[in-house]
Amino acid sequence: MQETRHSFREALKQLEVQALGGLDLVITALDRALEAVSYQDVELAGMVVADDDLIDGRYLEVHQGILSLLALQTPVATDLRIVAALLHVIRCIERMGDQCVNIAKLVPLSGYESPKDKDILDAIERMGQLARSQLSQAKEAFASRNVGLAQDLVRQDTEINRLNREIFRRAVEIGDDVDTREWAMFMILVARCLERVGDNTVDIAEQVVFVVTGLFREFADASHPA
Amino acid sequence: MISRDTTSKEATDMSTAGGPSEQKDAKDEAPDTSAIGVREGEGHAIQVKGLKAFYGKQEAIRGVDIVFPPNEVTAIIGPSGCGKSTMVRCINRMHEEIPGAHAEGSVTLDDLDVYGAGVDVTSVRRLIGMVFQKPNPFPTMSIFDNVAAGLKLTGTKSENLRETVHRSLRAVGLWGEVKNRLNEPGMGLSGGQQQRLCIARTIAVEPEVILMDEPCSALDPVATLKVEELIDELKERYTIVIVTHNMQQAARVSNTTVFMLDGELVEHAPTQEIFTRPKDERTERYVTGKFG
Amino acid sequence: MSLTAIPPISARRRRTDKVMRGSLFAATIIALIPLVLVIYYLLYKGFSSWSSKFFTTDPNGNFLGYPGGARSAILGTLEIVGLATLISVPIGIAVALYLTEYGRQSLPANIVRYFIDVMTGVPSIVFGLFIYIVLVLGKVGGTGFAGWKGAVAVSLLMLPVVTRSSEVVLLLVPASLREAALALGAQRWRVVTRIVLPTARTGLVTGSLLAVARGMGETAPLLFTTAGAFALTGNLNSQMNALPLQIYNDILSPRAEVVNRAWGAALTLVAMVLILNLIARAISRRSSLA
């Protein structure tokens, strides 16, 4: 005989897979957006913007699924916490998608010439790698309900925030060339988008802890010093 | 017999009203517990220590300690056979009415030891009232007599019987629906009304605690919600313990929830915690439906 | 969309069905025939002797002329059975209450139940003989045969019937009502008098009426205890007349008028039992409509 509430469990699992799958979509968008920035690829940037519809679509699907589950199955205890967390997570995913779009939109604006400053570019690249790894780790942490992994995301986020400040400092000291300065300012904006992505993954990490312990605690990070 | 729904046109008989607050609306009357009158004193708590209950040789409750806080609704949930009904029946000593059944341990209502030597069991039951799963108004009695039955059966002299009956009916929100037919048989009411009549009968003797054993199981959803509303009002005046197999009802109605399994108390916590983050694995499994 | 074909009923099944119905019908007819015949005979033979004199005069024992009516017999039956009812119904209901409320399935209660069942099977003549030996021979109360001794014998007969039917009715009172009353803090005896008995009232009444109807028709116990007399008397401490006794005495008489009187008495007795049954039914129907 099947376990009780079999179809409910299936539906909940499906919903989680759908929601976490959104993180994969974000990873793709982020990779593409950063490549577009590095190589000034306007076409690629355009694709990122267009494909954001996929992420928005995923948000709507998951949202609908959550409403259904709440209305029809009255989940309680852990199940309820999972559903509430998924709602939060999918919002974060949607926002991260928007950040990638913001990055992509900055590409044509920063001019068709090659980028000007190697340091800044390296830093951006480094930030991108960190963000990417944060995204994977957030997905893994949620799927496996790993609190340790979730808490580790704060460490990586601290690094991203540090890089963000460094890029800003570099841009301020970039020199007198107007074009370079303009490019650097756009890079500041890109860095800010990446920093936002990092913050969102920390939000997801907080949800992991909520699901496991039932308690919601804001992680100590750059914006909330311990 | 179908009860007629009394929609508004009623002659308010002020001579029989008597209570301080008279509500005029017949159809959806909100229960008016203030009509019961001012009672001095704080709420009353029940403390259970080391309770064991037996049906012959079989142990149905294996040693339970619990406190039911005053003026709160405590729900007891658990699968069939876990001992929840047995538990409440031990509180008002109805358990001993079953041949071969006995209980050990202590149950105290404030300072009164319910099982004390020399304690009159009928006095205990006057202080601790009970509402049953299937509404059971007395078939040979009218609505009025049903509510008065508790007083008449216990030989309690009530200065103004009529006053008390009317107050009780108002307190359960039945007054508007039945005030013009108090002499009609109690069985002529609908299921939900009958159950509220039984509740009126219980509170007419002015207990301190009300025990409810699955009071809404036999009622339709609308009647159920009315009774739940009533429970919410009644807790201002009484301490209420409700046994229910409907978890959503426990969630809606109670302040504290107790989960029992196989005669043992597994978890006892504020309702919100039990349903958002239960501490015990077994509780989690039960409320999420993961058993089996 | 195809319809499921249901095979038609076979001819053999139809035949079997007809045979069964036919034989049940035949059995019913066979059972009804004696009943119808009895009623027919009663009416045919007895109705003619019904007259105002029949109901207003006593049997006069004369060898010639009008032999008298059956007034003393009718009134005697009413008195004796009335007294028997007063004895057996309260005691019977009390025993039933003991069995359902207090004794329940305990050993003493089961023993009592067993004895009651045995009593229903005891032939009525045995009760008569018992009372004869204990009360009549011993001249208890100052007399030999007496109406009240007949009443005692009839009450012994009625007692198990009252108890049995009362127990059934009391058990039908839902346990939830007793529970509700107990939970209100009522003592057990109050639960019994205020809740159980009123709820069972109509059933108890019908059960008792049926016991009375039974008691009315018994001859044997009266033979040895009341013995019969012709004169009308209200004195239960003396010999009295009763309808069964009257019939017993009259039916073997060589005189046709006397035999007629016997039939008239029989018809009267049946009529009284019938009326009691109708009253019992009317009461139970009224209660089920409520």
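The first chain written gets the first letter, and so on, giving A, B and C; residue counts start at 1 in each chain.
The working rule: a contact is a pair of C-beta atoms (placed from the backbone, for glycine too) under 8 Å apart; a residue touches a chain by one contact, two chains touch by 3 or more.
Treat the numbers as computed from the prediction; the structure is a model and nothing was measured.
Chain B has the C-alpha centroid lying closest to the overall centroid of all protein C-alpha atoms shown.
When every chain is reduced to the mean of its CA atoms, the largest separation from subunit B belongs to A. Spacing of subunit A relative to subunit B, judged by their CA centroids, is 53 angstrom. Inter-chain centre distance (subunit A to subunit C, centres taken as mean C-alpha positions): 93 Å. Per-chain Cα centroids separate subunit B from subunit C by 47 Å. Across the complex, subunit C is touched by residues 92, 94, 97, 99, 122-126, 129-130, 132, 134, 136, 138-140, 149-150, 152-155, 185, 198, 201-202, 205 of subunit B.
Across the interface of their complex, subunit B is touched by residues 1, 3-5, 8, 74-81, 213-215 of subunit A. In the complex of the two chains, the subunit C residues touching subunit B come out as 104-105, 174, 176-177, 179-187, 190-191, 194-195, 198-199, 201, 290. Every residue of subunit B that touches subunit A in the complex is listed here, in rising order: 247-248, 251, 274-278, 283-284, 287-292.
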